[in-house]
Structure formats: C-alpha cells, structure tokens
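In the two complexes that follow, chain A is the common piece, with chain B as its partner first and chain C second.
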Partner chain A sequence: MNSFFNKNGPLISTYFIIAIVFWLIFLIIIPQLYMLDLSFRPNLPPLLRGGPDDVHTLVHYKHFIFGSETSADAYNYVDIGVFLNTIFTAIMVTIINLCFCYPIAFYMAKVAKPNSARLLIVALIIPFWINELLRSFALRILFAGEGVINNILIGTGLIDAGINFIALDIALYTGLTYAYILLMIFPLYNAIESLDTNQLEAAKDLGSSTIRTHWRIVIPHAKAGIASGCTMVFMLTAGALATPVVLSSPNTYWFTQLIYQWFNMNDNWSRGSAYSILLLSVSVIFVLLMMRLFKVKIGEIVR
Partner chain B sequence: MSADVELQNISVTFGSFYAAKNVSVKIKQGEFFSFLGPSGCGKTTLLRAISGFLDPSEGKVLIGGQDMAGIGPNKRPTSLIFQNLALFPLMTVADNIAFSLEVRGTGKIERRKRADELLELIALSGQGDKKVHELSGGQRQRVAIARALAIEPEVLLLDEPLSALDLKLRQKMRTELRAIQKRVGITFIYITHDQGEALTMSDRVAVMNEGELEQVGLCDDVYDYPNTPFVATFVGENNPFYAKVLSINKNEVKVESQGNTFVATAGKINENQNHSFTIGDEVIMFIRPESIFIKNENNKLDNNFSASVNTIEFEGNLKNIYLKINSNMDVRFSVPNAVDTSELSSNKDVELTFSSKKAVVLPKGSLAVD
Partner chain C sequence: MRSQHFLNILLGIYIFIFLMYLFGPLLIMSVTAFNSAEFPSITPWECFSWRWFQEGKIAYDGQHLAGLSTDWRLHDGLIKSLMIGLGVVVLSVPIGMAASIVLTQVHSRLRTIFYSVSIMPVLFPGVIIGISTVVLWDRIATIGGEGFIADIGRNGIFLTILGQTCFISTYCFLIFVARLQRFDQTQEEAALDLGATQTQVFFKILIPYLMPAIASAAVIAFLASFENYNTTVFSILSDQTLTTVIASKVRLGISPAISALALVIIALTLVAAVVYEVLRRREDRRKKERQDQLIYEQTKDSRLKKEPTSSFKVPRFIFVVILFFILGIFGFNQLVKNDLYGPECVAAAESAKKSNFAEQLKLLQQNADTVDEKSLEGGNLGGNQDYGDIFGDENLFKDFGGFDTKED
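Showing the complex of A and B:
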C-alpha cells in the first residue's frame, strides 16, 4: 500500500482507490446483493414491504421450476424451455462465432501485411459505431420475407419462393453472431499475434500441414484468448435483449425477455431478480467450465 | 543421404531493391558451407530461397540436381534451424524432436524411440520429458538440431543459430556443430555475420555484400587471398594502404603509398586468373596486423616503412599497436601478449617490416564498414 502511494503520488493514488472502491461497491456489489436479497422475497405492494409478510422465501425459484400453482403442468415447461433454449442458442452462437472469427483473427495477426491488417480492424470496428438496435433492424430488413436477400435470391433464380429467415431463426443466429464479433476477434487476435511467426515456419519446414500446425501450435498457444473470447461472447449473447427482441421468430423467446417482462410489464421485481440470478449463475458456471476445459487460469483470460 | 545444392543466377527483389543479385554457387554434397556477410547482405534471403519460404524472382535452386521451383518448405529435403530456434514451448523436448515424425503419422512408440536416439546423439539422454524452458541455452540449441535432424534431411540449413549464446558457449557449440556434421555426414549450409564462426567450422565460405557474392572459396584462401577490398576488410582485420601502381612483374606489383615503395602479390581471383593492373592505377594494398613486425637485426623482410606510435591497446592474447604514417594515415599491427612493448611509447618513431607474400594489392573498391 505504501509503495503504491510512493509510486503514484498521493493525488493519483487517492483517485484510484476512490474510483475503484466506488465502482466495486456501489455499482457492482450493492446492486447485486440487493437483487440477490430481493429474489428471495415475496412480491409485495410497497405498503407491506418491511412488514410481517416480508420474509425470505424460495417462491420465485420454485416458480421457475414448477410454474404457477394454478398451472396443470408438473413443471414450468415454458420458462425452463426458454431458459434452456437461450443457453443452447448462446452456446451455438459462441461456437459459430469462434469458427468464424478464428480464421479472420489469424489472417489479421499472421498473414496480412501490417497496413492491410490495420485497415481490416478499422473495417471491423466502424459498423459498431451504429447501435445494436439499429443494426438488428437493418438485419431484419435484409432477412424479411420480401427483404433484400430474398429478392436477390429470387431475382437470380436460385430459389422460387422466399425463405422465412426469421422463423428459421437464421436471422437471430446471424444477428447474435454479428453483435459480439469484435469481442471474439480481438482476444483471438491478441493471442495469435503474440505467437512467434518462426514457430509457424518451423512447423511447416518440418512437414506439418496447415491444419496440424493450427491444431498443435496455434490453438494451444491461443487457448487463453479462445477462452476469453468464448466467455465474453457467451455471457453477452445469453444476456442480450435488443437483438432477440427484433430478430427472433414470433414463437421464440429469449430468457432476458422474460426477465424484462417480470420487471417492467408485470411489475414483479422479485421474480425478475430471481430469474436474473439464475441466468448469472449459469453464465458463471459456463465460464468456470470453459476455464476447466481449456486449462486456463482467470489471470490468463483477462491478459 | 546427403545432397548437393546449386544456386543458379538467383535474384530476389523487393520492389526495386535487390536482396540477392545474380547469385550462383555450387555447394557440394556433405560439405559444411557458410554464407558470411554483414546484416542485410542477403544471406538470410538466400537461405529462405533454399528452404522454400521464399521464391526467387529469378534463377533456380537445385537440390540433389532437382529443380525446387514450386516445391514448398514442407516438401523439400531440407531442414531449417532458426535464429531464435523456434522450439515449441508448449511441447516436451521429446515431442519437439519427434514433431516431424508425428506429422508423418509415425506411431507414438516409434517416435519416442527415435527421439531418444537423437537425444543420445546430442548428449541429452533422459531429458525428453522436460519442457523446453527447463533447458539451458546450449541444450535448447542442441534440441533444435535434433529436431531438424529427425526428418533425416539431406541438407541442414542454419540461420545464425549461435548468435544468442554467450561467447564461451558459442565457441563450444562451434566444435559441437562441426562434430555433429561429421557424424551425420549431410550438407550443412550455415549463415553468419561472425567470420570467426564461419572460418572455424566451414569447409568453404561465401562472402556476401549487398546481395552479391564477393568471393567463394576455402577458408584460408579467402583469408589469405581476398578477392575484393570488401572481403579483405570484412574477413579478419586489415590495413588498407591507398596506393599507385609503379611497375608490374608477373604476380608481383610494385606500388607507392605515402612516399613508401612496397612490393606485393596481386590479389587472385582463382588459381589461374589474377587481377590485371596497368602502371598508374589507383589501388589498395592490404596487409594484416599480424603480418607486420618491428624491424630489427633478426627480422628484416622485403617491405619496410616507418611510422610513429599513437596508442597501444591491450586485448588479452594480443596487443594492438596503432601507428600513424606521416601523421595522417592509420596503421595497426598486433603482437602476441608475450612480446615486450615497453619501448614503444607514444609518438616514438618505429621501423616496421612485412613480407611481400603477405601483402595483397586489389583494385579500388568499397571497404567493409566497421
């Protein structure tokens, strides 16, 4: 602590400490703890809060699993279905994203000349100046029944009737994959870029095929970047709201939409909190699993 | 198996810049051949052209008589040792060595057996399960050699692999590399800017400058009979005397420099061909520091001059004595440490002598910049 003060001077040190403490305590810990507590409380009108009925209860978590008491089903198939579908789709989107971004990141890091790599990075970043909602609507226009893509496909005679990209969730997958592409590319790019190019040449000189070189040299080297990109993309995809609202098919629900409904439309903050906590828990478990799978430590992921 | 390597009129251009310019050389089967030159002279470019990482803009690379055009580095009978070794840090030593076999689909047991054999060759038996970072610099060096030898290449290419080592280890590795080459008997092509390295290890050297071959020959020939002023000054130390040709007699040229007259052999291109001079030509005469002696009763050779002592520099085994002729031209000579130099104080005039057989006259040209 003393050396920290000596190194940065009193003014900067104090600023850092206040900023970090404020960020951690007021913006992360207190709201999350409040939500956690709220998720274990019944949904009461304001007048009854803090009264004798305001006790800790598992009612909202029970609701997620068993559904409302008036329901005839044994389990809450609808909510559990939405939840599982969200997690499954997020995992699929993460995998698609990884497969899609790895070649691009490798190209930028090792193949392209510095100038064209920079140009490519700019080309990747600029579309993200447009906000997520607008980008989603733009994709909706592209993928609509009489949208640009269908018109082109029909116009060129490749298909006879328009494809319903929205109902097939193609639009949703595309939108979600595109939404967080940078968060996959940059960790991958950073990781691959730090690989000594001589290692690639050495592998090639020893007779290695391109695929083997990637499998044995590049991917093991970049695994921290892969884990980092996958966790970020997964978390943000599972927690996305705007893209699924705009692009999902009418009968597909995203779990965040349920959370949104409990908070806003049904005015049931406790249940919304419980659902949020569920999503957060699964996301954290996913991150821990990824780290286990890739044998990376948390310090390597954020590097 | 070992193969010869032939470069036929190789040129490599980057835009309008010639990294290599019309290089032709024949490297014999089983030879230890070095390309020697300052950084940026194009030697690494040539090595990359031989290994297949770079296509020459013009010319051909023949290995074992076969044209290598269109054959990638993974298909050539060559193996390259990188300057930074490029060992795979996430694999064990044995996996590194056997990587080329893994690539070829050799089974695990067979791979391990071969790795152990090679570890024995490089005197690292039993270290196969270590990670690369657990080895010392010299050990890593040897692992890189073993990895390159595992595919049984016909030609081993080495890109300044010793440059990262400290002096003692570097000297030890020179001997070791030479011994390994003798044992495996394949062609070694070595790239270095260190003339000591090139001269101690190689059968023949090619001296390069600015993308062009200056001279190819046996080590002592290149040292004793440099072909160009660049070679004369890049390989070893040399004193250039800017001079004018006075007379010519067969291989001997009489020149005048700073008021002194010297006789020297004309530099030769090869056995039969000498540089030809005419009287009055502007030339440079080179005489090496170790060929100049203090003149006395017992030591009197056919060339003599006088100069004044400037400074004496102690270099361990040698003492370098810096002189001035007519107080404007620098000359340096060196004597073994054992020689008593107490009489040579600053500004004292001394008489010096050297043999015409050790002096070489060459046409004027650019020197290697120190």
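Showing the complex of A and C:
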C-alpha cells in the first residue's frame, strides 16, 4: 500500500482509490449482493421493511418451480417453459450465428485484400451504431402480416395467403441473429487473423481438403475467438429485451419480459430480483462451461 | 483449380447474401419513411412525402400520428439521453483510466482477481444491472429519509447514469488496457530521475500518451450510453430517454415516423463513418510522406526524393455520389410525372380513403338495420349473401386503415 502511494504521489493515488472503490464496490458488487438478498425476502410494502416480517424466505424461488399456491398444476409450467425456451432459443441463435459468421470472418481475415477487408469492417460497424430497437423495427416492417415480404410473395403469386412470420418465431430468430452479428464476427476475425497463412498453404500442399484444413487447423487455432464470440452472443441474446419486445409473437415470452412484468407491472420487486438471479446464474454457468469446454481464461473471453 | 474457382463464386454469393441481410432491412425501412401511408410499407405506395419528418398527420379516423419535428416526447427524450450520455462519459472515462493504470501496478494473484471483477459487468445481462441499481438505491432512499438522498435515490436520470457507468466503465477500461500495453515505462523512470514529481509525471507523460485512448473511450462511452435500452428501461423510472420513447412507440403501434427517425440516425452514422475514414486516410498519407521525407534526408539519395505532387486527384467516391445524385433526380422526376408527389397526391389518397371508410361505415349501418328487421321477422341472420356477397370480399376490410389484423 505504501509503495502504491510512493509510486503515484498522494493526489493521484487518492483519485485512483476513489475511482476504483466507487466502481468495483459501489457499482458492481454491492448492488448485486443487495439484489441477491432481496430475492430471498418477501414482497413487503416499504413501511414493513426491516420489521419482524422481513425474514429470509425461499418463496419466490418456490413460485418459480411450483407456481402460486392457488393454481392446480404441480409445477409452474408457464414460467419454467419460458425460462427453458429462452435458453434454448439463445443457444440456437448462438449456433446459427457461429455458422453464419465463420465464413465471413475467414474471408475477411485470410482471403480478402487488406483494403476490401477494411471496407467490410466499416460496413459491418455502421448498422451497429443504429439502435437495436430500430433494427428490430426494420425487420418488423419486413415480416409484418402486411409487410414487405408477404406483399412481394403474394404479388408474385408464390403464395396465396400471407405467412405469419411473427407467430412462427422466424422474425424473432432473424432479429436476434441480426442484433449481435458483430459480437460474433470480431472475435472470430481477430482469432483467425493471427493464424499464420503459411500453415494454410502447407496444409494445401500436403493435399488436405478445404474442410479438413478448416477442421484441423483454423478452428483449433480460433478456439479462443469462438469461445469469446459464443459467450457474448449467448449472454446478450438470453438477456435481450428490445428485440423480443418488438419481434416475438404474443404467445412466445422472453424471460426478461417476465422479469420486466414482475418488476414494473406487478410491482413485486423481490420476485423480479429472484428471477434476475436465475438469469444471472444461467449466464455464469454458461461462461464457466465455455471456459472449461474451450480451456480458455476469462480474460480471453472479454477483449 | 476449377473447384477453387467454384468455391470463390460460392463465397462471393454468400457475402452478397450476408450484406443484403445486413443492409436490406435498413434500406427498406429508410424508403418507407417517404411513403405517406400511415403504415410503414412499400408496396401499396401512396405518395412520396416528407410528412413523417415534419408534422405527421391526423388520420381520417381521428388517430393522431406525430411526425418527427412535432413530437415533443421525442425531443424531451433526446435531451435526457444527451444529459445521461454526458454524465456517463464524465464518470466512466476516469474510472476506466484509473482501473487500467492500477492494473499495470498490481501483480500475480491480485491482478487476476482485479481483472476478473472489472470485466464482470460486460458479462452481466443489462437488465440485471438496471434492476440491481434501482433496488439498492430505493433502499438507500428509504433509509435516508426525506431530503437530498431520497431525491437522488429516486431520480431516474441519476440512477441511469450510475447503472450505465457500471458496465460502460468496463468498455473504457478495456480500451485503456490495450493502449497501456504498448506504453514504455522507461519514460516515466526518466522523468522521475530528472526530478519530476509523481503528479507531474502523470499529467505530463501518462495523460498525453493516453490522449487517443481517452478520446475513443469518450466516444464509445457516449454512443453506448445513447443507444442502451436494457439497463435504461429499468433505471429510468418515470422519466423517458430517446430509446424508451422509441420502445413505447414501437410497442404501441408502428408508424413511419419511426422510420424517419431511423433514417436520420442512419444518415448521421454514415456521415460520421465517411468523415472518420477520410481523416484516417489523410493521416496515413501524411505519415507516409513524412517517412519518405525522413528517409531522403538521411540518405540524400536523389532516387528517393519525391516531388510534391500538386495535381489534384479526383477521389473515386465522388463518382458514386454523382451517380446517386443523378438517380435521385431521375427518380424524383418520375414521381412528379406520375402524380406521386406533392399535396395534391396526398389529398387525393386521403379523400379516397375517407370515402372508402364512409362507405364501409354506411354498409355496416345498413347491414345492422337489415339484420334488426330480419331478426324481428325471424329470418336468416347471416345477411352476407343478401348483398351479392359483398362482405365476403376480404379486401374491403384490408384497406381499412392502419390496423394490422393478421399480425397477432
């Protein structure tokens, strides 16, 4: 501690300590811990808080699993269904995104000339400075019941009646894939770019097929990039709120929408917190899984 | 060799599809901003108009759809978004800088823990950061009683700044870490040996070196704050920012005014990207010229001397701009020729719709009357066939107006 002060001088040291304590303790750790605590407490009106009724309880987690006491079902099928569906969709979107982005990332890193690769990067970044909501809105114009795609398909006589893309969740999948493409491409691009091109040529000279080259050389090399891209996309998809609000069909609920409902419409903050903790634990488990699966460190995932 | 060729063509097609996927929706949305119809669409094209950028319209059925320049909620939200963005930049850039510098000074185990905690907020879902900020501050406000603490604890703008700072600081942190990796620590040592105080070293050496990172961190922080929705929607409480206004608009009903807003944002982004690219290229060229000059001065080799080229080269992208300009004029001409532009067209479309609406109303009324009479007579209630199956025609109801019945 002393050496820290000696190294930076009193003024700068004070600034460092205030900034870091404020951030790490006050903005990151305490709010999360308080939310965790709140999720184990009953939903009380403000006046009763801290009183004798304010005890630790598992009531909200029980509600998530078994449903409310008045319902006849043994389990809370609705909420658990939404939860599993969200995770399933997020995993599917991650896989789709990976398959979709890999060729582009490879093209940018190894095939394209430097200038056109740079142009492509700028072209990739531009749509992502536009609000996620507006991007989803653009897709909604395309996919709506009387939207552009249906009108074109009917106009050309390919189909007779409009396809309900939104109810079929096609719109949701497309929107979620669209929303986070950039976060998949950049880690992949960075990882593939660091691969020595000579290795590819050597493989080719030794008679390896294209697929085999990718499977045995490029993908193992890009491991960290793949882990990083998948983690980011999964996290953001599972925690997305804007895209599902705009594009999901009325009978598909997203888990964040459920949290939003408990929080803002039903005014049950502690249950909202409990559901948030569930979402958070899924995220943490996924990160740990990715780190274990791809044998990367957390520092390699976020860059 | 032929299979390689085939693969390249396939890759080309793939990239084309990819770019279409990326830009197609945005392009179509931009075009719908100019359609005067109240549902954002292309194919039933009514008239070309600027109304969604200006005053919007009051539909024949009394529904008011605001345009961009008259929507006070958007303006209000924009001002609050700018305030929040400014607050976030002021907080998160110094925090990120402090954390990254300290990271270079701690070692081994502490360093790993410190780094992991610092990047955690990026891995948290945005909604959770918003919620945790709100619940904590609500508690603080309750304990603090009346007065200043209660006021700020329930102030949406303040909470949003805190919530966003939590994870945007990590973005800044990562930018600074990347820059600091290339920092030459001997500079600091030299300054200290020559008698500078630590504070002087910080302000005279470290800050100037970090200046580019500070600039880019500020820009990134502002943009990230400006377009954030997930955290803001919880922490803003009863206030509204630009994104939450957009969200409520998109949810309530979809209007071309949103397309117009998107087009404005797209245009600003494009201009910023072009300016950035031009500046970067100029910087690159200048650097190269300086280097050439340096090499020449060192070697005095006349073969390396570059005559300063004074001839003005026409940049290639000018042709693209001109092409777009000509296409624009041509398209506009066509629109005017076909009576698809101007107040007359809008008025005509409006009155057509109005009479259509009135007619439908009248028919419905008639239908109701006859049904009433018939039910008195005890006859058949399904009166559709009596009008030559006129109500069997679905198109009648399709052109009804802005409702999108098939969507749900």
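The rule is simple: the second predicted complex is superposed on the first by the 280 of 303 C-alpha atoms of A that agree within 3 Å, B and C clash if a C-alpha of one lies under 4 Å from a C-alpha of the other, contacts with A are read in each partner's own complex, and residues count from 1 in each chain.
Just so we're on the same page, contacts are C-beta pairs under 8 Å (C-beta built on N, C-alpha and C of every residue); 3 or more make two chains touch, one makes a residue touch a chain.
Because the structure is predicted, anything quoted here is derived from the model rather than measured.
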{"item": "Which of chain B and chain C A:Q199 touches, first, second, both or neither", "value": "first"}
{"item": "Touching partner for A:G145 - first (chain B), second (chain C), both, neither", "value": "second"}
{"item": "First (chain B), second (chain C), both or neither touched by A:P250", "value": "second"}
{"item": "Touching partner for A:M265 - first (chain B), second (chain C), both, neither", "value": "neither"}
{"item": "In the superposition, chain B vs chain C on chain A residues touched", "value": "C"}
{"item": "Contacts of A:P220 with chain B and chain C, given as first, second, both or neither", "value": "first"}
{"item": "Shared contact residues on chain A - chain B and chain C", "value": "none"}
{"item": "Contact footprint of chain A on chain B as seen in their complex", "value": "51, 53, 72-75, 78-80, 82-84, 86-88, 90-91, 99-100, 102-104, 147-148, 150-151"}
{"item": "Residues on chain C engaged by chain A in the complex (per definition of touch)", "value": "7, 11, 14-15, 18-19, 21-26, 28-29, 32, 39-44, 94-95, 97-99, 101-102, 105, 115-129, 131-133, 135-136, 138-139, 142, 162, 165-166, 169-170, 174, 197-199, 202, 223, 227, 229-230, 233-234, 243, 246-247, 250-251, 254, 258-259, 261-262, 265-266, 269-270, 272-273, 277, 398, 404-408"}
{"item": "In the complex with chain C, residue positions of chain A that touch it", "value": "4, 7-9, 11-12, 15-16, 19-20, 22-24, 27-32, 34-35, 38, 46, 49, 100, 103-104, 107, 111, 122-127, 129-142, 144-148, 151-152, 155, 162, 164, 166-167, 178, 181, 210, 231, 235-236, 238-242, 245-246, 249-250, 256, 259-260, 263-264, 269, 272-273, 276, 279-280, 283-284, 287, 298-299, 301-303"}
{"item": "Chain B-touching residues of chain A, taken from the complex the two chains share", "value": "196, 198-199, 201-209, 212, 216-217, 220-221"}
